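The next part holds the structures, each set out as structure tokens.
In what follows, subunit A forms one complex with subunit B and a second complex with subunit C.
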Partner chain A sequence: MNQGKAFYKKISHMLPAGFLVLVLLPLLLLPLASVFIYALRGGLGNLAAALTTTDVLFALRFSLIIAFATAVINTVLGTYAAWVLSKTRFPGREQLGIILNLPVAIPNVVVGTSLLLLWGPIGLFGQVLEPLGIQPMFTPVGVLLAHVFVTFPYMLGTIKPVLDDLETTYEEAAYTMGASRWQTFLHVLFPALKGGLLTGALLTFAHSLGEFGATVMVSGNLRLRTQTAPLYIFSQFESGNIQAANSVAAVLAILSFALFSLILFLAARTGKKGAQRGK
Partner chain B sequence: MFGRPLFRWVLRITIVCVVLAVGLWTIWPWLPSQKDRRPRTIVLYGFSILEPVITKGIFPAFQKRWFEQTGQRVELISSFGGSGTVTNQLIMGVPAEVAILSTELDAQRLQKAGVVHGETWKKLPHKGVMNRTPFIIQVRPGNPKRIHDFSGLTQPGVRVVHMDPLTSGAANWAIVAEYGAAVRQPGSGPDAGRAMLLGIWRNVAVQAGSGRAARTQFDSGFGDALITYEQDAIWSRSRGSSRFEIVYPRSTILSEHTVVVIDERVSERQKELVGAFVDFLWSEEAQRIFVRSGFRSVDERLNSLNPQFGHIRDPFFIDDFGGWRKAKLTIIDDTWKNRVVKELKP
Partner chain C sequence: MSILIDQISKKYGDHTVVDQVSLDVDDGELVVLLGSSGSGKSTILRLVAGLILPDEGRIMLSGVDITHLPPQRRGLGFVFQNYSIFPNMTIAENIEFGMKIRKVPLRERKARSEHLLELVGLPGMGSRYSSQLSGGQQQRVALARALAYEPPVLLLDEPLGAVDTKTRIQLRQSLKSILKDIGVTTMMVTHDQQEAFELADRVAIMNNGQIEQCGLPGDVYYNPATQFTADFVGDINFFEGRVTASTTEECEIELFGHWPVRRRGSHPFQPGRNVLYGVRPEQIRVSLLEPETYENGIKGVIEKSMFFGDVTRYSIRLDGGSVLDVRVLNYLFIEGMVMPYELNEEVWLIWSQGSGIILADETAPQPNGLSTAS
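This part shows the complex of A and B:
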């Protein structure tokens, strides 16, 4: 009797989770699984061969470099923006905050076209720069520019809440003890931000790794020069090379999975620490 | 967690090692020790169906020849898409040195946009035409809709996969093929051409961005018939990835693919290399590779080498309609865009 009750209790606990998995199965899990099934269709040998072509090696490396550079740039820029928005007071602060967060709301393709129309050879700045031999579009620099633009809000969004929550008394204490702004940042703000910085950087990295819409516009999709891994996947899929496309897709999926596990792990840890500090 | 500090350290060190290893692997080709091994490059933009033959056939052959002649390694930087898309990218200023377009129409657009000055491609061998391929109809196994010519596509209930004339050169060829096939029937006139276009376009169920994209859609099971390049069908069959039959229309056009050198983007240092590559495209070695992968050579003698080429009773060319400039005005714009498309709209 008692046993039966316990069993029933167990089942009823599992029911919501089971339902969630059932709903997510065709939405999320099966499509992901099919990427791996198609990647492995020709056997491991074919998968290895598909992953070691010059094009794939370049695309993966290029994507990783761009993602790393984007993460570094936006860690600095995003942290600075968060600090300005959180710790200084000036008219138009709220509006500026909205504008800085816009890249999340604008479709990435629009970001791409807007960059082209500004920096491209027929664009506003581009027309002036072109005769000087400066042409950022359709080069790795253009890709980096687009990625910095598109992923900008992620760092800002991670750091600003931490800064907002951090009581100014700590900083004021530092100032009264004669610390400069930079010293205050280094010794008071930075230790509190460490977890957020890493999470934000990884988030930026992960989003840059998967960016497609803006990249396809500004890169010119040149293999061995500006073709990122997602662009490679798209090109191969469109040419009917489904296995080649899925091999790279599988690698990206695994990378993203690892990255987001790390992000979640870090977020959980910093959350715990924050809670401890709160007490 | 706190009871297992060793485990935590191992985990940390593993993560750091993995990150470092991936980092090193990533920057490997750009390390100073690898610098002298960086090859010279040619930047090429091509229309969609060229990708396999250029990247796997023509370029490796050129690479080998150039290495034998000069001892230099050369790498191809390339991008492939619908001919119209490629042309738009070129007008936007992508750094292409050579473009291979599916129609001269797109070359003329480049000229109009000032990307090239004058009809420079006409100075290349065969007026810039690199190879040809006729337009055919691809149907499902057993030809269940009994399509034997372009007129078969006008039957009610046939779903046609067609390319989009805005982005695809192939679509423009296909429209002239459909129109021409009707007009060239004994005893018919321009009205027959318009009627044919109207009949086919009434049945167009999907418009794909490029020849290759249309193929992918047809292969994934969509539609009853696909109008495409013979080369694309032969290539697709050779990969054994899809089951279909080729229907050769009685009259059809042979598309002619135009090579354009973007002189402005070819630096002094690159002139010789790019010139050698462009000349190579018309060499017998390259033309044989084209024939093997399903294109018809500009050198008629080589075309007997591929037994898969089908027979066409009445092949015709764009010159039969006064060249692309005239055909674009009379067939694409006046007939298709201004009349057929408008009549289709309810």
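This part shows the complex of A and C:
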């Protein structure tokens, strides 16, 4: 009787973890695994051949450049916005914080559409710019604009809580010791933000790398001009070229996995460092 | 360097935090702003530091108007309540920060930081981080950091507020000796009366954004100008009374309509004036014997006794119905000098006619034609 009870207890303890491993994990991993299985179906030679075509090399390089530029731009813009929202006081500050986070709530396709409506040839700004020979839509600039827009809240969301937690008296202490605002930022705030900046930049980079909805609207999906890696995958699927699509999908999956591992590693290291200093 | 605060006010919305405050601090003097939380004392310190700007009034540093100078250009030392030691820098880097901003050569910075660490009793700890130090050690680092660039004025905002009682007492003594050695003009904020009395050359009592009284610790304690000050610094028993006689040598007051007490010295109250009469618990002795003619005395019954280690506090119900607190040093019982008192025992409360505080009772109706000045 007692043995039965103990067994029942053991099972009931393991049930939540068992459900996670046996049901949810396969749900998440199987699609990912299928990408690799299909990518490798024709052998490594075919995979290598699929990855070295001009179109694929352009799409991957273009995606990496756009992701890098987006991360750099949003590191500056996001940090600035976080600093303004966290360290200055003005009426409507909270409302502004909500508005700046809107890109997370709006579907990316809608973002793409709205950018087209604004900057496109018949858009509000586009109409003015076109006679001057400037047309950002369907160019790399348009893609960058869309990526900056949709990934903006990631940097803001990473940096603002760090700044919120950083007591104002640190800055005030620096001011009383004679430091200017810039010196205070450089010597006091920036070192405290370093970890957050790196995490936010990687997060922005990873999201930009995988961005599809807004990109497809603003880029025109022009091969060798504005086609990012996710757009290439989509195009190849549409034209029935599953092997090529899966090969690039596998590369994107590996890149994203590596990036998120790096983010997790950095987060763990920052925590460990803090704990060691605390000893 | 001297500080002159002239009629400064600061409002947040409709709430006046500092209300027309004036105060002067002489060169090398240590003035403590003592008050409860929300009394405006920290705001005054922040105004002097330039961390906030006043709505009215001006602040002068040795005759120079610094009211609108940014904190960076005032060059004052500030120790924050939470110390605010930069967590990304070592202790030595923290101390050297102000000197680095001032472009002091590296060798000089190092030498001064080592000297300051020795001064505050933390030699050899320069390579540590703030998280590796105790609260008391962090406080010392904050002090060393604020003194590093030799500021003309030091501002201390509850510098001992975040450490435990024992450490606080130790730090108080070392802080006093360091400040005395350096001789820097200092303004300090605290809510701790003992701390204020131990460290201050002068104490300014703050209430509702105003300075109620500013003076030597002894003056503030024994000659409080207001009931708030008398209440805030130490314990005091207050009774409503009426002046029955007043000469240049003494003032006679009637408590509860029938108990006469006397206070030596000249007082501005005319006979018939309603007043508050206060006496501190440690000034009263409990006795079974009647008072001498040169003493004040009231009869009462022991209602409650509480043991506090060094003293026993007796609550005694007086003939007039009020309850008065008295403290008796416990060693007197141990040495057999005084017999412990029983509950409900009838005793005399006796105090010198040289002690006692008389203040105008602004709440009581005054007889016609009497002065209301205190």
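Keep this in mind: the second predicted complex is superposed on the first by the 251 of 279 C-alpha atoms of A that agree within 3 Å, B and C clash if a C-alpha of one lies under 4 Å from a C-alpha of the other, contacts with A are read in each partner's own complex, and residues count from 1 in each chain.
The rule is short, and it goes like this: a contact is a pair of C-beta atoms (placed from the backbone, for glycine too) under 8 Å apart; a residue touches a chain by one contact, two chains touch by 3 or more.
In this text the structure is predicted, and so the values were computed from the model without any measurement.
When both complexes are overlaid on chain A, the residue A:Gln127 reaches neither subunit B nor subunit C. When the two complexes are overlaid on their common chain A, residue A:Val188 makes contact with subunit C while staying clear of subunit B. Touch criterion not met for A:Thr52: it reaches neither subunit B nor subunit C.
Applying the stated contact rule after C-alpha superposition, one finds that A:Ser34 touches neither subunit B nor subunit C. By the touch criterion defined above, A:Leu262 lies against subunit B but remains apart from subunit C after alignment on the C-alpha atoms of chain A.
Note on subunit A: of its two partners subunit C and subunit B, the one contacting more of its residues is B. In the superposed pair of complexes, A:Thr169 makes contact with subunit C only, with no contact to subunit B.
Looking at the shared chain after the overlay, A:Gly178 reaches subunit C, while subunit B stays out of its contact range. Overlaid on A, the two complexes show subunit B and subunit C touching no common residue of subunit A. Residue ranges of subunit A in contact with subunit B, taken from their complex: 54, 60-61, 64-65, 68, 116, 120-122, 126, 130, 135, 137-139, 220-225, 227, 235, 237-240, 262. In the complex of the two chains, the subunit A residues touching subunit C come out as 167, 169-170, 172-180, 183, 187-188, 191-192, 274, 277-279. By the touch criterion stated above, subunit C contacts subunit A in their complex at residues 49-51, 70-72, 74-78, 80, 82, 84, 86-89, 97-98, 101-102, 129, 131-132, 145-146, 149.
Partner subunit A is touched in their complex by these residues of subunit B: 15, 22-23, 25-29, 41, 43, 48, 51-52, 75-81, 89, 91-95, 210, 212-213, 215-216, 219, 236, 241.
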